[in-house]
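Heads up, the next two complexes both have chain A, just with different partners, chain B and then chain C.
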Partner chain A sequence: MKLRDFILRRVLLAIPVVFGVLTITWFLAYVIGNPVALYINENTPAAAIPAIYEAHGFNEPLHIQYFLYISNLLQGDWGISASTSFRPVLEVIAQKFPATIELSIIAMIFAILAGIPLGIISATKKDQMVDHVTRLFSLAGVSMPIFWFALMLKYVLFYQLTIMGLPHLPPGERYSLINFRSFEYTTGFILVDSLLFAGDLRLFIDGVLHLIMPAFCLGYLTLAIITRMMRSSMLEVLKEDYITLARSKGLTERIVVYRHALRNAMIPTVTVIGLAFGALITGAVLTETIFNWPGLGRWAVRAIFFSDLAAINGFTLLVALVFVSANLIVDLVYGTLDPRIRFG
Partner chain B sequence: MADSDERVLEVKGLVTNFYTYEGTVLALDGVDLFLRRGDTMGVVGETGCGKSVTARSILRLVEPPGRIEEGEILFRQIDPESGEIETVDLLKLSAEEILKTRGGKIAIVFQDPATYPNPVFRIGDQIAEVVLLHQDLSSDVIEMKIEELQDKLTQDVPAEKRSQIEEKIDYYSLMLQEPPPPDDKDAKKAALRRATQMLEMVRMPAPATIATQYPHELSGGMRQRALIAMALACNPAILICDEATTALDVTVQAQVLNLLNQLKKEIGTSIMIITHDMGVVAETCNWVNVMYAGTTVESCATEELFATPLHPYTAGLLTAVPKLHETKDRLPQILGTVPNLITPPTGCRFHPRCEYATSICKTEKPKLEELRPGHWVACFNPLE
Partner chain C sequence: METTIDNAENAPQDSSQFNFLYISLLFAAIIGIVFGIAITGANIGVAILNIVDAPEFISEWGLQGLISLVLGYITYRMAKAVKNKEMWAFSSSLYINIIAIVVYLTMGWPGIALAALSILSVMLLFLLSGVNQYWYPNFQEDMKPRIKETRYSIFLLRKSPLVVGGIIVLVAFVALAFLAPVFAPYGPEQRIWADSNLPPGSASTDPELPVHYWGTDDSGGDIFSRIFYGAQIDLRISVMVVLVAVTVGTAIGAVAGYYGGKIDELVMRVTDVFFAFPGLVLAMAIVMALGERSMDNISVALMITWWPSYARLVRGQVLTEREKLYVEAARSVGASDGRILLFHVIPNTIQPIIVQATMDTGSVLLVAAGLAFIGFGPPAGIAEWGLMIAIGQNYFTIAPWAVFFPGMAILVVALSFNLVGDGIRDIMDPKLRRR
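Here is the complex of A and B:
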């Protein structure tokens, strides 16, 4: 009962947040360019231009246009993306979102599975060689620009290996388009579709190979942030009195660290993980562009180039929703980790 | 020989240093003390005189940058089968063996009930954890099963089933003679049952409920009792209370001290109480060790210490305690301050503040000697 009330309250609180994000982007997007440009090419007669303005409602006052957008949105109409062959925004999102989500989830899993143990080892072996190496590795992760790092990876793991005639990783796309010409998406997740619907193990392996480089690039920054956070909160927790108590009970160092310290140290790390998941969706913009990944990020960049207002707003709305849900999940995880913050 | 057999714990020449950026802190400089079986022994001294470091050194819980450098910590336990006394030097035990001693044979209750229990685990689980680690629960498990069956009998059950259950109880009762090793799940349940019993023993109201609660749901006094229950859960030979009552208000403090002395009789534990409160010592301890700047300066029975202190520091400490029957504007104090232990005074560490100091005090360190029967003092010019 309490849990349901908590979720309900958080969802209600999220509404003004999402609405605020939407309002700000809507007006900001209007400033960056003329949306009518998308509907005009060199063959459009000059006399027809005023009619285009009229037809799309661009002659209305700004606030009327805004209210029109919102009322359409509430009816499930996210508008038409003029830069994507005039297809409905919602349809494009439904088609491209799985690619981004799949990439982000794999990147996140990699970041968590590697970041947390690295942080723990770094903290328990403080100032030893392992710690120094880990710190250097995570410092590089937070300092390196993703686009540069992605290009370097591609240069070495695809280009150089190919030249040397060695097995190499694919440079982009979600699977080898040439080898699997007849493949059609069902859920949009390549790893799921290849196994469950196409039943093709070769396609699955191909999909995994295509995921490695982009997922590593995308996850590296998050991994670095998680490692650093885990290390510092673990060091903090290991100084706590309850750790001395745990040691005084005669528990082995392993149990002291992994049972008594880890759960307490996870609390700040979980916050970072939640925020980072939202950031992954937006971070995918660069990674997707470099690895030719047919996801939302690339689509959003194109939309911005063309001042495709409906697409920009749709993308922002989606990102806001992802952030809000990630934070809700974080709060729920908090409750299970720490009894003191149980959905009060 | 009989004299030393009585001493369940004996610390000899313990030296512990802390290697900090500011320099080496010579925290313990040859601490000597002993705890006799069944005694409640107090360790008193000002803040920073090394009481807590001594307690932690005994369990080898000194963490870097601290390190135990020298000394012997002899622990004499009675073998439960042969009844013989077995002496081990805790400082020479392997890492594995010291883990068995901690919590199992020597337990410690720390100062601050607010920060010592782990905030994310239930009280019962935290107590059960230490029971599971050190105790053989095989007979507990069988007892638990018998209890469960007896519970069933009190309810309405058909006659045929009743006889079945009774048969089962008989079967388990037989097993009690030589209980088989329990499986993990049963052991956990039994450990939790033991935890609840421990909470009841420390006079906790509604122990079964408390066991399922988290530390933040309890008051300070209750948390301290939970910590005591945790420490006593394995019937340790020695219980060290490191300022265990300092954070509590006076009435709760009195309750906890009373409780400790009652439990001592029930379990047969020897207790070492670390405190800076002379009142606590007078009320609960029958032996006192006075520490000053990392050394033991005086050690004797409590009445003797209060009646005839021999060390100038002890005497100064006692005159600084307000007395009910005297009216004074200002309490006398020991002049000067506690020395910086990075550069401690040469010779006797108390000499700069001592009104009886002579030239030898500046150059030589006095040894702890038995000046009167059962009264040890480390001083060149003891009061007579």
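Here is the complex of A and C:
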């Protein structure tokens, strides 16, 4: 009951935020360029141009167009993406969203699985060699230009290995288009589709190989953030009295760290993980551009270059929704980690 | 700080020297204010009337004009304080002059003239024996704990080699960026077409030209020279963006936190909206909306996307600070809200802001280079790190060095900013400081 109220209140609070994002993007997108340009090519007769303005409502006053957009949105019509062969925005998103989400989830799993242990080791071995190396490694992650890192990885793991005739990682795309010509997406997640629907283990392995480089690139920044947060919160917790008590009881260091300290140190880390998930989708813009990944990020960049209003709005709206729900999930996870927090 | 009464015995009989200092400070204040009004007014005029052939320096000095206006006003207040022999005027005029000199030096020759004026008024503080006698012993007494703390900070700093390394790299990069015209063998946009895609360390095809230390790109530009010319653009942008974002964010966040209520609610909802935005995409959209793809528009876009994080940070700090006793004390002696915020609350919240700002300078560099890389930056040919990578990418397999070196430059500079930020946190955080 209480939990339901909490979720309801949070959702209500999120509405103005999403609405604000929507409004700002709409007006920005409106200024970017003339949307009619996308509907016209050299074969369009000059007489037809006013009809195009008429048909899409482009010659209405600004505020009418805005209300038209909002009312369409509320009816589930996100508009038509003119730069993606005039398909409905929702349809394009449904097709491209799984690619981005799959990449982000794999990157996040990698970041969590590597980041938390690294943070713990770094904190328990403070000021030792392991700690210094880990800190430098995570600082490098925060300061790494992701596009450059991706290019360098591609150069070494794809190009150099290919030249030397060694097995190498694929340079881009989600699976080898040549080897699996007959494959069609069902859910859009390659790892799921290949096993459950196509039943092809070779395709699954191929998909995994294609994921390694982009996921590592994308996850490195998050990994760095998680490691740093984990280290500092672990250090904070290890100074607490109950840790001294646990040690004085004669518990082994292992139990003290993993059973007593870890759970308390996780709370700030979870916040960071939630916030980083929103950042991951943004980071995907650069990664997808370089790895030729058919996801939302690359689509959004194209949309901005072509001043495709509906697509820009759709993308930002979606990311805002993902961000808001990620924050909600973080708050819920809080409750299970820290029983003192009440949803009230 | 205002210890006029204690120093009665130090007070010189002859106050003509004070009047001299007062008049020279007043002179500096008037020049600063007139200059600031002129530049700001000209800028607004250019913006409104849209004069096509406005001289370049007017639009370039917009920020400096505003700062000069503020500095002029502060100098005027200080001049009055000097006349009344208030203690704080002396140490403040030292700080303000240092800031003024730094700002003026970014403006070319008229700036150097203004800076000389500022230096002159600092020198007056030391040279006028009456002022010096009155001021110096008190100043020394005043600064004693601060000097001790600074000594301890330097001691802590020297213990961590990574931070020292970061500082050295940053100073070196800034110096090399400024000195690029002196030592760089080639110009930023100079192309030797016969030399395209030469590996690092190879001699130019023209025997009279110097060696290409780090190779050349596809159109024969010397990468070594271009990187240090590019540092001018990239460092300037990241520092400018962070400075503006910190100023705007601090002002808005402090007001929101201090007054609370409806203002606070409004500011927090606005920052919520900014946080829910995909930052990079918002910046791209702003650059496009501003009309022209250029480094200047990238920096405007980043300023707009970056201030909310500081507003949040400062608001949280101010919320805890405003309940403290010293704020109450200041209010009870009749200090105005503006004074309490500016001179009491904000100085006490400055430490996390400095740490955040230092680290963000690295992040802004990354994002700005990323935007230039995707194609929202200046047109090809300009020496900018992100753009150099974007162009080198097309010839990646035959000339990997055209991608490697600019990226390394970004990584090294951003890493140094992060190292320094980390170090400042460790040094300034009172929880970590004494153990």
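Rule of thumb we're sticking to: the second predicted complex is superposed on the first by the 343 of 344 C-alpha atoms of A that agree within 3 Å, B and C clash if a C-alpha of one lies under 4 Å from a C-alpha of the other, contacts with A are read in each partner's own complex, and residues count from 1 in each chain.
In the analysis below, a residue touches a chain if its C-beta (ideal position, glycine included) is under 8 Å from a C-beta of that chain, and two chains touch if they have at least 3 such contacts.
Nothing here was measured: the structure is a model prediction, and the numbers come from that model.
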Clash or fit (per the criteria above) of chain B with chain C on chain A: fit
Chain B versus chain C as contact partner of A:P117, first or second or both or neither: neither
Touched partner set for A:L245, first chain B, second chain C, both or neither: first
Which partner reaches more residues of chain A (counting touched residues only), chain B or chain C: C
Which superposed partner A:P50 touches (first chain B, second chain C, both, neither): neither
Where the C-alpha centre of chain A sits as vertex, the angle toward chain B and chain C in the overlay (nearest 10 degrees): 80
First (chain B), second (chain C), both or neither touched by A:R263: first
Chain B versus chain C - smallest C-alpha distance in the overlay, whole Å: 7
Intersection of the chain A residues that touch chain B with those that touch chain C: none
Of chain B, residues touching chain A in the complex: 59, 61, 63, 99-104, 107-108, 110, 112, 115-121, 129-130, 133-134, 214, 216, 227, 230
Parts of chain A lying in touch with chain B, wherever the complex brings them together: 240-242, 244-252, 260, 263-264, 337-340
Of chain A, residues touching chain C in the complex: 16-18, 20-21, 24-25, 28-29, 31-33, 132, 135-136, 139-140, 142-149, 151-152, 155, 159, 278-279, 281-283, 285-286, 289, 300-301, 304-305, 307, 312, 315-316, 319-320, 323-324
Chain C - residues contacting chain A, complex: 162, 269-270, 272-273, 275-282, 284-286, 288-289, 359, 362-363, 366, 369-370, 373-375, 386, 389, 393, 396-397, 400, 403-404, 406-407, 410-411, 414-415, 417-419, 422
